[in-house]
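Before anything else, here is the set of structures, which you'll find just below.
Two complexes are shown next, each including subunit A; its partner changes from subunit B in the first to subunit C in the second.
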Partner chain A sequence: MKKILAVLSFALPALLSAQTDVTVTIDPSQASQIVRIAVPFPDSVPKTAGATVAASEEIREPFFAPLTRDLAYSDAFAIAPLPPGIAPTIEVAKRAGAHYLLKINVFREGPDYLVDPELLDMTGASVLKPQRYRSPRAALTRTAHTIANNILRIVRGTPGIFMTRIAFASNRTGNWEIWLMDWDGANQTQITNHGVISILPSWAPDNERMVYTSWLKGTSDMWIINRRGGGRIRLHTGLNLNTSATFSPVNNDIAFVGSTNGNPDIYLINDAGGNIRRLTSTGSIESTPEWSPNGRQISFTSGRSGTPQIYVMDAEGTNVRRISFEGDWNDDATWSPDGERIAYTSRVRGRFQIRIHNTVTGETRIVAGEGSNEQPSWSPDGRWITFQSNRGGKWQIYRMRADGTDLLPLTSQGENKEPDWSKKLE
Partner chain B sequence: MKNTMMKSFTVGLILIAMALIPACRSSRKAKPTTPTTTVTETVPDVSATAATETVVDTQTDFVREDPRPTTEELPTDLDALNRYVQERGHVRDAFFGYDESALSADAQAALTSSANWLRSNPQYNLLIEGHTDERGTEQYNLALGDRRANTARQFLTALGIDGNRLRTVSYGEERPFATGSNESAWSQNRRAHLVIVGTR
Partner chain C sequence: MRSRFLPLVTLFALLGGCASTGDVARLQNQVAELQEELAGLKRTTAAKEEVQNVNQRIAEQTEQLLRSSATLVSKVDQMEERIQNTQGTIEQTNYRIDRMAQQMTQFQRDLELLGARVQPAAPGSPSSEITVPAPGPVVSAVPSENPVDVYQAAYRDYQRGNFDLAISGFRDFITQSPNSDLADNAAYWIGESLFSQQKYPEAIAQFDSVVTQYPRSDKVPGALLKKGFSYLNINERAQGIVQLQYVVHEHPNAPEAALARQRLRQLGIETR
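On to the complex of A and B.
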């Protein structure tokens, strides 16, 4: 048994240790207790005959790094640093202040990697249902996210966001196409190949389909596609524009912007392309609808006051009220999963910023920083916001906590924009 | 005195011809100095007869070539056709002010010129693309581009162009003509771009 593997667990990026000293609440009886988890680098000795040892370094980036990153950013755990050069036993973990020890065994069988995780409390009892994960190398990261989700559910009783995905538009192929990535920016996958402009993806609540805008037929149309890039259908509206489409969280309606005679308004259509209903009917520009999480309200942007501002109406189009009063250009409103906060793009002294409006208190605060920052989208647990920024010169997608801290760029190839975080916790 | 009384352009031309061509019969006639009053009285009601009287002799043609309508060989390739009509200013894009969808005097002139071309080339249809600069937000700009394209469309239909020949599409800020973050690029990108899209 190679004891030196324990040493490798100290090769965690420095940002993790800074990140993990967070006090979290487990349940009322354990309020403000930090749950420390020791995660030694996996053993790679096969427990079954016929399997071969996995070279340790080859699983660091695709498996170990995302696993520890997930746990460290979960707000439920702090990583307990283990001393180097010592076998990671319960005793060692206990001396390191850990409440749990995550022992993982990874080995090869043909092209597959077999992963056996074991979560032990400090009495040595296993708290995770014994389960073996088999995956090709390309799916090792998803295995790591799945294990992190399971640990979070067992220890904290809440689902994790580690298997959620972010849809976005990228021009790295030379055309704007729809892409997907994991919540940490890994596994960036192209799912359209139209060769025209395809933008503004928006997830259905089941995390299986999304609706987007494409000029595939020469005009802008709404298309529905599944997460693997198949099952594409075009929604015929008989209107112009047909953009900014977004699925209802509670039924099969899609809100979108349609236009007749140059008058863009908010409409509904069902996901089979039927039952079109018009919700707004002013002479001004209306755009960018977004559903409240309970599906009862729709926010949108309107130029009826002279500048683009954020409004909210009931889902039937009634009871319209304005909610943004600061800045001369506000757009891209999107609701937090608990419905209490609305993030939107707000121009402040010539630059766009992410502003968060509290629907209960009416207060707003700005959470983004340099450059222009647009198109916010909440993580399904409400702790994170992904958005696009040109602070580095080109449009790229970033992720930050809802309070603006822990900023991380998620993309770097070509230009990337319009992130939309999948809606369901998996 | 004589000229001020002439109401008919045809007759005026004929008189010029008479003055310039010595071999002309009527100029010979005119030599004996008929009183000007009699000429002015006869011309308005017998202009047709006057014209037949003043036909030039065949051997002394003044007009060297018959006037012909000018013919244009329009490129058959649509891309080439669009370059051709844009370069000659027959079809011109309309430009807009910041966050504006109203037509300026320049934009109206550009669309009037385009309407004239469309009227004399009824075999072609038109796609009107609405574009914005990069400064606003993308989704609102898509709506603004739609409004710009339709403002241009409505102006063309008001000038008598059949609405069935006109289609609109908005690109918002997605397909800029000029790159760069300055007023020069921005003003280039705020436009209704007119594209000839083919025969009816």
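On to the complex of A and C.
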């Protein structure tokens, strides 16, 4: 893991300036299914008459780099290396072993950038519906993600995760506020500006809303907000604590931690702030609820056996059973989108690591590395996990594959915690 | 202090001046009154001191009580912690036993498969000789699928929200392995899958069968409570209430009892 991080840290600036040199880990069992795609840098494509070609330095960082990264990390494509200094024709791409050639022209029109992608198979036939993407410079990365998503949908018939977003808490402005970023760490955008502690964001299943905890009114409360930072609603519970809120994937319920008489328990409330139901009633601390993807189970942390351990109950609070048996501190459970795996934070030899439990076979394995690694959250395709780590000294957010490979730091400014990956593929 | 001090000053001032017999008698009366007053004051003082003493004793006793109460609370906390730790150890031990039982089941199955493929030598023949039967009939004699695999596939379907497939898989499992340790779980998951599909009458029947067929199962309180919730969800209020009260009565210490009490309170029915 340490090596992968070091390699990626050094390799990233290099790969951004290179043509197509993205190195990723490919599962050998999938190797035969990998589609090789040649992606020449737009500047090397012949100019179209009457248009102003965008300068290469303008589009390399915000557009070309994220596009090639998306394709390379898609598990569907491998980048076919094109020889430098030769016009990237079908013949050249074929000789490079490519199945597809992605030709892109980028033009300037006033403040806007116009992007014309063309995906050709090795007979020279265009397989992508002609479409021109217009965007200001600030939105070029989103355009890159959109094109990558469309290409994946055409070639594989499935949507990619390139348009998904990760919500997190950051103190880079001096206060802990809620932020959003793309799956690759691009487009980091501040969503709240409360000037008080705002933490623990959690996405609704429609990717439109989030619920988070804030001390905006002087006490710890749950707030719902839309992805643009508007439509803020406070959930009145009549309880203390009011934290760790998480939307049900199948209805308008929200599970959260509330307390009466100083004892935290798991409760449900609907997203309009009504119909409060208490699910746990032990004398021990219950916390960190998380819904299973079918909406019928809730995992949570409980100290009822003497140490914090992960338990699962039915959505009505019945049928409680313990699922973590290794380590004396387990917390932050989160379900993979297929419901088959639960990732959680587990103390191993004094440090916190990510442990993955298989809900079907009952087996567990550890997948993190240096420092403490906590608060995992799955990508909506179940292939990636984002988490917080203090391996670099400060708390930052990272992304890795579910098997621990292809580690990538996503944040660097201030301290950043509690990532939550949006729930729906777009 | 002031109340004791002033009458004495007055007395000495009066004795110091010229005085008639009447004055002396008056003075004697006054002295007697003052002595009485003084005695009264002394009594009051003594009473106050006594009160103070009593107060002090009370304070000491209260402190002792508080101290012993704190010790008791601490002991209760320690006991609770020990109980929790013991509970944790039991859970871990049970987990290990379950895993070992699963491994044993797997070993047994492997042995059966091996036994089916390799028939023992006929009596009297050399012990080193074995007879390998024709593959066709033997294969058909062996169950086609590992029951644990059937259970896991059904549970996987449940987790993915494929409830119909899950129900069918769990039913297959119960048919194949009615005496398995997982049979009660499978029966419960069928009920829970029906409940998830909002097929409440079918769910009620299934939760009933969990209770009647596996009365010692740890799923019983959950099945009973879900049966009650199912009744309430189809507006059979009276049946639902009776069912929830039954959970409270039969399994007062189960988490399900607390959930039943909460729901009964919401329905306007108080429980002990």
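Things worth noting here:
As a convention for this text, the second predicted complex is superposed on the first by the 385 of 426 C-alpha atoms of A that agree within 3 Å, B and C clash if a C-alpha of one lies under 4 Å from a C-alpha of the other, contacts with A are read in each partner's own complex, and residues count from 1 in each chain.
The rule is simple: a contact is a pair of C-beta atoms (placed from the backbone, for glycine too) under 8 Å apart; a residue touches a chain by one contact, two chains touch by 3 or more.
Everything quoted here is computed from the prediction, not taken from an experiment.
Judged by the touch definition given at the top, the superposed model places A:128 against neither subunit B nor subunit C. When the two complexes are overlaid on their common chain A, residue A:338 makes contact with subunit C while staying clear of subunit B. Look at A:197: by the touch rule set out above, it reaches subunit B but stays clear of subunit C. Residue contacts after overlaying the shared chain place A:374 against subunit B, while subunit C stays out of touching range. Once the two complexes are overlaid on the shared chain, A:292 sits against subunit C while remaining clear of subunit B.
Residue contacts after overlaying the shared chain place A:261 against subunit B, while subunit C stays out of touching range.
Under the contact criterion defined above, the residues of subunit A that touch both subunit B in one complex and subunit C in the other are 303.
Subunit C meets subunit A in the complex at residues 80-81, 84-85, 87-88, 91-92, 95-96, 98-99, 152, 155-156, 158-161, 188, 192, 196, 219, 221-222, 225-226, 229, 255-256, 258-259, 262. Within the complex, the subunit B residues that touch subunit A are 101, 127, 136-140, 142-144, 146-151, 153-154, 167-171, 174-175.
Those residues of subunit A that touch subunit B in the shared complex are 176, 197, 199-200, 213, 215, 218-220, 240-241, 243-244, 257, 259, 261-264, 285-288, 301, 303, 308, 329, 331-332, 345, 352, 374-375, 417-418.
Interface of subunit A with subunit C (complex): residues 277-284, 292-297, 303-307, 309, 314, 316-320, 322, 325, 338-340, 359-362.
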